[in-house]
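I have a structure I would like to understand better, so I am pasting it below and will then ask my questions one at a time.
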């Protein structure tokens, strides 16, 4: 309990479950060797195993499918920088109000940009951030395809081209924004909780 | 031109492009053997190669990542029937007004259900369909996680459990609904056009 | 039951009722001679009596008032072609997600345009269609007066004039769009079902 | 100019045009005798000719079709009282923010109810009014079919039945609410202005 | 009861309570002398004590805090005329559908402008009013910061500057619009009813 | 610049201006003695002078009016704890996506609750937090009066009473929620930036 002054302030600790579903997780040792190695690498690079990977380990095939797509989009070569991809992730996750993804990718923006304020701005309202026109156009597109996908037309693609993006980059902006519209909904639908370690990192 | 009676009726043919992006596609022969085989199997089963696969062939890794996830969710084992998964696909795609996915998965519902009317109902307004409580609950959840993901809470999962779904099924309902929130946005963002063959099938 | 593979797939047939209201319909013979003739002409031209006319036959005065307005707007002389009027009908009905009107007027667009794809596009998302600027402006106006009527101002009428419409045409665009905002809501409010014959026509 | 104190307060008089369209109106004498008589009766009963009738006189057939439907719904026999029909008119017109119809039918509610406050409440926010359950249910249905027609389902009709309405009454609630969704949009689309006499009546 | 013709028309009188909360009000004599004087001045100028002041008298400190802010914003010096500030009040209150504030400030617009029609237009749909560009820009900003505050950016301030407002005026437009977003919600949250005398004034 | 890897990552520092308006601020020494003292007390308690107070010092009367209301609502006696009032502040500010208030009051929740996670949850999506029914009801009311004020009715007040709140508490919940609907819009309208010190506090 904090410095509050009323009985109502004795609220419970915030949720620590992996997800709201009661699905049995395999023991770490039971995973195939390559996945055990993948998890160890994650832990070394990030400092802990992201809960999303623990949650997907409920089914080996689903874990491979999910992480294959994630790694291609977020870590593999792209005309977009890793920071730009994380910025899209946060803006999409904020529009969808996905708690898991705002926490995890907000931290990534803080780390990759070296600017904790930028991470907060993208979580809270990206329109208040100072951004070069290229990134403003990128985030406007990501926000529109998230919030009103039915209204995206050729002039929206043209705005990206006007901001200097080629068609290969447009594919990646679209693909990253689309991907987080999936993961946001999966995480919210099963109430996936982020690792608490994210909160204090890179502040 | 049809039976219309004014100059305005001489409008252009509807779009036939694969996508609005000018990305070079590899020749079919240049694909690795396993992907060539995968495409041939698709053509045999469906009668043509779905444009989404042709579009993703722009990048072999992206094609593998996308089709890996698709096949796991839509074709592999699940407590949901294939028809149920396609019903979710159509309701999500209708909420997002994705032209490609409404066309392709609307056809799948017509084919798998043997009821052309059901396909139309799910495209146009799933609330007007006659559905058993189990499928109504499933589609209500899929629609809500699509339209107002920020508002999905425990009582929404409880409604699925009340309708008879176990937690493994809830994962799959969530995962399929989430997946089409991705593909809908990718298809719309790059203006992917469906194969015209879908329109007349299973009417 | 179709090719699905789970118990959930044994869902009931889709609704066949005329409306959800238990109002007694007069026998066809009890209608005045001119209405009997009107119904016969409809059947000859369309191949069946549209359910909307059967439903309105519950009250002779209401049937005359409704069909009088319908015939004036959709069949009588107008600077808009019949196809253009049907295109407005479908776009409005899609925005309101009226099942009856999307089915019946989607078929009319397929028939009048000779292009089944156009009918599907207008049902699913008219923004994805290839349209000349005149028809794009017409449908944008029809969509806006449907979805956000409070926001329609002089610049919206100016956009129609810029696209070549005179004030008489603007009246008709407004009147047709307004009319389907009525019929969509009447059909949905009483759950009016379309004749099943529409589904397979002109595919 | 009023008691304001800045140059900005010298704004122009509010609009007095019939509509924003430049369509020639026939002289009153040129109308067929029955319509001349209809207009005279309106003037005698209301004190002036409502602008909507003047506007529709641009086309005799359209005038007959419009007024035929209006008179059947609003003036003819119905299980709903005339006041109830006007209450629906105001709530629908307020949801659509149609200036013409809020003015004209707000006055009708003030006159028929003898309660000027009720007219204001229905224009401004019907949820703040004191209403018996029957009329609350009626207005909730009218509001929902106006604002979110796609979401109206059987439970909405059941709520009307629970409030004591039979199916014939449900038809009329639906028909009146639907009608004003048409006229609201027609009036807004062509910027139809109400007669200024309405403003001070029955305050 | 009015001229209606059905049992449903015998509805109860509209609400006369001060608020929906059962909080004891101090007797007028128990108020400090300066507040008694303030209330007397209000009654002399307006003809009655506005219910909002009676409601806030439940707590002397809250009454002072509220009226201090109100008087500074609405009655003190400003580059905006009093009428302009009342116009903002009505447009904001209409967007939020606050019954109390639409009634009270609609009357103020009628009185200050000497134009009863203007008051009605701003309550019903300000977009239908004839306004000079300065006031249109002012009301567009007030409406946007009310309805979609998250989307207000530099170009919205630029539009005010283009319409001739300096930064001191922009502060006041923002402050008045923001203030009514507070009072609208307070009045609605506790169901505060306006004095009935407002309805007939300045018609 | 952070660890990003593309030219796009060299974006400008985030905004440091007090507001987007070019209004001259008085020197601190020019303020009346009591306000100088008030500012010193703020600095001692908080560690810095909140930018909102610096911004309002543009006008002494406005500063007094604003801080008088703020202090009464947030710091004075209330049946709500200070933490509860800050929780309302964050949920309202998140719904309105006000950057300033989410930053400043998010920090206050972290500090008063001693739970950094709670602050993040309320910024990102309060529905994902673990809360006792009392606080859930309080935040649901605050969110509804913010997002859809027109729809708040007696049953919403009843839900607060069912959760144990008396009418005096309902006043305060309403007043605090209403207040942040004002300050959120003022801060966004003039692009007020929060002190950077908030970001790292109480993580």
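First chain written, first letter: the chains are A, B, C, D, E and F, and each begins at residue 1.
The rule is short, and it goes like this: a residue touches a chain if its C-beta (ideal position, glycine included) is under 8 Å from a C-beta of that chain, and two chains touch if they have at least 3 such contacts.
In this text, all values refer to a predicted model and were calculated from it rather than measured experimentally.
A.B. asks: Quick one: which chains contact chain A and chain D both?
C.D. replies: Touches both chain A and chain D: B, C, E, F.
A.B. asks: Work out the mean Cα position per chain and let me know which chain is farthest from chain C.
C.D. replies: Greatest centre separation from chain C goes to chain F.
A.B. asks: Out of B-D and D-E, which chain pair has the most contact pairs?
C.D. replies: Looking at B-D and D-E side by side, D-E shows more C-beta contacts.
A.B. asks: Report, in whole Å, the distance between the mean C-alpha point of chain B and the mean C-alpha point of chain C.
C.D. replies: 26
A.B. asks: From the C-alpha centre of chain B to that of chain E, how far is it in Å?
C.D. replies: Centre separation, chain B to chain E: 50 Å.
A.B. asks: Measuring centre to centre with CA averages, how many angstrom lie between chain E and chain F?
C.D. replies: Result: the chain centres lie 24 Å from each other.
A.B. asks: If I count partner chains per residue in chain B, which residues reach a count of at least 2?
C.D. replies: Chain B, residues with two or more chain partners: 97-98, 125, 150, 188, 191.
A.B. asks: I'd like to see which chains touch which, written out pair by pair.
C.D. replies: Result of the pairwise touch check is A-B, A-C, A-E, A-F, B-C, B-D, B-F, C-D, C-E, D-E, D-F, E-F.
A.B. asks: Given the complex with chain F, which residues does chain A contribute to the contact?
C.D. replies: Contacts found on chain A: 1-6, 8-9, 11-15, 79-84, 94, 97-99, 102-103, 111-118, 120-121, 123-125, 128-132, 134-135, 188, 191, 196, 199-200, 203.
A.B. asks: Spell out the part of chain C that touches chain E in their complex, as residue ranges.
C.D. replies: Touch list, chain C to chain E: 150-151, 153.
A.B. asks: Sort out for me which residues of chain A touch chain B in the complex.
C.D. replies: Touch list, chain A to chain B: 20-23, 58, 61-62, 64-66, 68-69, 72-73, 76, 96-98, 141, 145-146, 149-150, 152, 154, 157, 167-168, 170-171, 173-175, 177-179, 181-186, 188-191.
A.B. asks: Which stretch or stretches of chain A touch chain E in the complex?
C.D. replies: 125, 127
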